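Per-chain numbering from 1; labels A, B, C and D assigned in written order.
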Amino acid sequence: MELIQEIIIFGTIKGCVYALIATGFTLIFAVAGILNLAHGTFYMLGAYFTYTLFYVLGIPLPPAILLAAVLVGALGMLLDRVFLKPMRSSHTYVLVLTVAVAFAAQEIILLTYGSQGMNIPNLIEGSVNLNGVVVSWHQLLIVAITAVVLIMLWLVLTRTRYGVATLAVSMDEDGARLVGIETEKVFNLSMFASAFLAAVAGALISPIMSMTPEMWNMPLMKAFVVVVVGGIGSLTGSIMAAFFLGWLETFTGFVISPKLTEVVSLVLLTVFLVFRPSGILGRRLH
Amino acid sequence: MTQARDYLVVDELTKHFGGLAAVEKLSFSLDRGQILGLIGPNGAGKTTVFNLITGFLPATSGRVTFRGESLMGKKPHQIVNQGLARTFQLVKPFPELSLSDNIRVACYGPRFMSQGLDEEAARHRILEVAEQVGLPDDLDQPASSLGHGDLRLLDIARALMVQPELLLLDEPLSGLSSIETQAIVGLIQALNQEGITLLIIEHKLKELMKVADRIVAIDFGQKLAAGTPQEVVNHPAVVEAYLGTKDSYASA
Amino acid sequence: MLANLKTPAQRHTAIFYGLIMVGFYFVPVFSDNFYLLSVFTTAYFYIIFATSWDVFAGYSHLMNFGHALFIGIAGYLTAFVDLHLGLPPLLVLPMCAVVCGLLGMFIGYLTLRMQGPYFAIITMAFAAVAYESAIMFSEYTGGEEGIPGIHPLTDSLIGDYYFVLVVMSLIFLFLLWFTRGRWGLVLKAISQNEDAVLASGINTAWVKIRAYSISGALCGIGGSVYAYSLTHVGPTSMEQVLSTTILIMAMVGGMGTITGPFLGALILVLFNELSRDMEEYRLLIYTVMVVVIIFFAPRGIVSWGQPIARAFKLGGKRGQAGS
Amino acid sequence: MKKLLAMMLILGLAVMAAGPASAADTIRIGLLAPLSHQVGEGEVNAAKMAVKRINDAGGIDGKKLELFIEDTEIKPEKAINGYKKLVMVDKVQAVMGAFSSGVVLSLMDHVARYKVPFISTASSSNTFGEKVAKDYARYKYFFRLMLNETDQVNGMVEFVDSFLKPKLNIKKVAVMAEDAKWTKLMGAQFVEQIKTKGIEVTDYIRFPFKETDFAPILSRVKNAKVQFLLEISAIADGAVYINQWHDMQGPPIGGCDTSAGSEDFWDKTNGKCMSETVFMYGAYDVALTPKTKPFWADYIKIYGKEPKYASGFTYDAVYVVANAVKAAGTTKADALVAAIEKTDYVGVSGRIQFKKNHNTICGSDGRPMMIWHQWQGKGQRLPVYPEKYATAKFILPAWWSVK
């Protein structure tokens, strides 16, 4: 059954990318209550920064990706400090500001790099035949990197002071503040982690899907879907939902029709929002 | 038109939030024309009872009947239109609207509209209510400019605008100066004189005892005692629940 | 409406907008320059979109991030009806209003319990579903390229100009009437404290659904005229960037005032055309504007009316310009 | 409030002042092109080059040509507005260019309405000609200087049947086409015609321009065991699927891929386009007419880049209009149309003559025709078919062997 193998393999690769995108999105929402519509922008900047570091500055690809992700993470912190901090409590403000930032970033990228698709090379060239399914080494590397990054995130969250503080803030902000946790710092570092993860995803996917100034749209929508399906604020739920979505989309594309893949996730999103807004694992919304 | 007895009946009312029992098998009743006080320490579940009666929260079990009709499963606005209005513990006016508009909003419920009253009548009634509760003369100022006491009055005015038969006041005296307190106590008595039945949550027992015909004391969502004010405040369970708290009758 | 104009400030406001409206009707008298007319026509479309957005989202503070949904749905409906049934615009416009009104009612019903960001996401999602569907069902919708060849509204540019202007004027007047009465008051009250409105015996859910429905219906009329005017409809008419632009125009102008989005749309479209050379920077400039507005004039441009009027010694001591 | 009013007034006046400069004594030509797409860039460069050459040679009867450019962004609504602006503000006497049949189709009714001749130089839909034939009086202002869908289908069928079939031992092919108006008939006709040559078509897939995930499509094609995958794309970015095609080791691929018609495609795909075979027309480094090779060389000299798909046609279109103005002695639309209809001009893209339906006569030798180029070596795009113009031998993807 080649088809089943294909769906599992390609679905897993997709799921990894979605997991990288969505964990950061969930993290910052759980911790600071920020629904960041500029999340896809981090993903896009990750790709474009890598491109610039690699082609313009001639830095080898692996450190270029890492450096790009750190830079994007710093931009995330900047966004949080300068624009979000003053009015973090207003959902309306955060939504409008972040969506405006997203479009502005799109314009800046468009002006700098043009509208045509651009590519960076695979981390490792060449393909491998997995029992009849041809996959590139790069795609397998995405799976490995995602695993490493997610395990590291888990370790940070459970084994470090910052991580424990983050979890505390995500459960009860006021309580955390009472026991002396500097919530501002936690927000800031969460924003860094969130942007960093998205940027890694963007840099890893751009050799496969090309980068365009509009590429931030897709990850944002997927992040919505994953976060809503997985349960708002639940990291485990998000990761589960990311793979679920990856497999579901791949199944739809391979078995039913490639045309339907984009709509599947959106329909899933609306159905969950309307009928089960708490998601699979999330806390019940009042 | 309706029986005076058992005007409002709360019967084995229960509300669970997850594993927490906020209200547990609570029963009491209220007769027409009465003023009933609902007391209890902080977190006893008093406001939850209000929310259950007025439909802001769905009950886990039990029932509430008003004039013999069940209120269960009804939406808040439907309950209001049966003649049952409420105020809020945390005063909730519309800060950006003017005082008159704050009150005017309540004109646009079906209860007022069904009487076929026009804008002129509404304006007239707004002035009437504002004067009755003693709001400042300038009704064009925004609500955000009011002090805490006047906001309470505004909230009561809004509730009165729907012409309720039964009025639920949630801590109408909290945070008020003694002059403001006297004014509201007077207002409560005046409203009762007009024939409005009242259910009042209040911490200031001294004032409450002045106006209440009966008092129900609850703690942990359960009834501790019920009866005349004197009976309730001297009830051992109530004394125990209150002792050591600064809200106790002794220190009030 | 005139009965409500109690204060001098309100009268001045009415005169101000009245003058602008009358001015619009005289533009072709001064110049039949195609470019000028098309700039103003574009402004009228955005006025329709932004004010119709405002009647629900601006008043209820439930941020609708997918208003363009109605523009697109009405546009495609117009294309189908025009090309296959050949009905005249005067029949198609009400049809679009009804369809979009029902759609608004349906979405309003589904999203009733949603607050803040959840509402924002779902409105985005609905528009995105429609957008993707338009691309997916390319057999019927023409895919990414859309449907060309919709018949023009009238035979001349000036005719088109007046058609759009009249529709815009009617919608603007209707919205002023609607929001200056009890509906506006109740909607505003809901945005500030929904519980207190419920406790006043008002079915807030129904009020919101109705407002959303009206918002959709009016935007649908605008969307239909938009399609006629372009003689084309495509998925870009439902794009996220269009929804966002509408929202930004309304916010810059001043939410929950109708007059604010009117000014916001007008000024931003004119600004956009004046700075044609800077067109690439448009969204950048918009973003900066949003930040500036949110920090320094959270109530939008209309809130400047008051100090300006005071500077010119217009209006009363507590004039409510723009409201 | 007065301040606001004053501001509005100033805005209004400024808008009015931004109107047209007074019409000088020039021949005004409009160009509609998607400026940020490489096809549009090629159109603009070619048109500028032609205008400059004509003006340097003294213009037309002493009158200089003046070029006005509007961006279409490949969006019908932008193109419509651009056409209106060219016609009414810039008062041009002829418009040319545009890209994507969907865009041009939405322009046709406006061309009919404003009656300023339009020469389409980068769109292939057959519908244009059908409309002109059906309602000549209305659509006569519309011309197409390029191969239409039928011309391209014939070329593709011939290439697959007579060239590839024996080389690749083709029994089954699959077709993937971007979901656009210009590919609608092309895809269907190709499928129909290739079947008559005894070749099975396992799949005919249409994908949106912005598709980024081609794994499902490529998987279907691979599982169907086809020997050739025909691609048809112009608006979509070919690099996206070529990268994935290479990594998934798909069957030999070729057809129309506009993005592969640009020399930077090799770098964009990091060489993964190796063995992709695409047809080119309008401009190439091939001696189709005496002017073809010099144009190629001169263009590179001026712009430092190779001409793009539509460059040759746009370049010729400027000359067609210029010659027509000269022949008609006027710029009045109807006279201009009559003169353009009589065109017989050897340009860089071939010998240009218009049919009754205002299509260009294409396909045979010396006329505008398709020449197949394959990506080979270290990033060269070399002609492999027709044999007459071929300078390289056809190669297979590294992972493919003919069974």
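Note that a contact is a pair of C-beta atoms (placed from the backbone, for glycine too) under 8 Å apart; a residue touches a chain by one contact, two chains touch by 3 or more.
Nothing here was measured: the structure is a model prediction, and the numbers come from that model.
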Message: Starting from the defined contact criterion, work out which chains touch subunit A and subunit B both, please.
response: C
- request: State which chain is most central when centres are taken as means of Cα atoms.
  value: C
Field: Identity of the chain that, by mean CA position, is farthest from subunit D
entry: B
Geometric centre distance via CA averages, subunit D-subunit A, whole Å: 38
Field: Separation of mean Cα positions, subunit D and subunit B [Å, integer]
entry: 76
Field: Distance from the mean Cα position of subunit C to that of subunit A, given in whole angstrom
entry: 33
Statement: subunit C touches at least 2 other chains through residues 136
Message: Give me the residue numbers in subunit A that touch at least two other chains, ranges are fine.
response: 110, 259
- request: Specify, in ascending order, the residues of subunit D that touch 2 or more different other chains.
  value: 206, 208, 210
Task: Would you mind giving me the full set of chain pairs in touch?
output: A-C, A-D, B-C, C-D
- prompt: Okay, in this complex, where on subunit A does subunit D touch?
  reply: 2-3, 6, 10, 14, 110, 114-119, 121-122, 125, 127, 134-136, 138-139, 207-210, 212, 214, 218, 250, 253-254, 258-259, 261
- prompt: Which subunit C residues qualify as touching subunit B in the complex?
  reply: 182, 185-186, 188-189, 192-193, 195-204, 318
Message: Considering only the defined contacts, which subunit D positions touch subunit C in the complex?
response: 1-5, 8, 11-12, 14-16, 18-19, 75-77, 80-81, 84-85, 88-89, 100-103, 105-106, 108-110, 113, 179-181, 206, 208-210, 235
- request: Would you mind writing out the residues of subunit C in touch with subunit A in their complex?
  value: 61, 63, 65, 110-111, 113-114, 116-118, 120-122, 124-126, 128-129, 132-133, 136, 240-241, 244, 247-248, 251, 280-284, 286-288, 290-291, 294-295
Message: Please output the residues of subunit D touching subunit A within their complex, sorted ascending.
response: 36-38, 205-208, 210-213, 215-217, 219-220, 222-223, 237, 239-240, 243-244, 247-249, 268-270
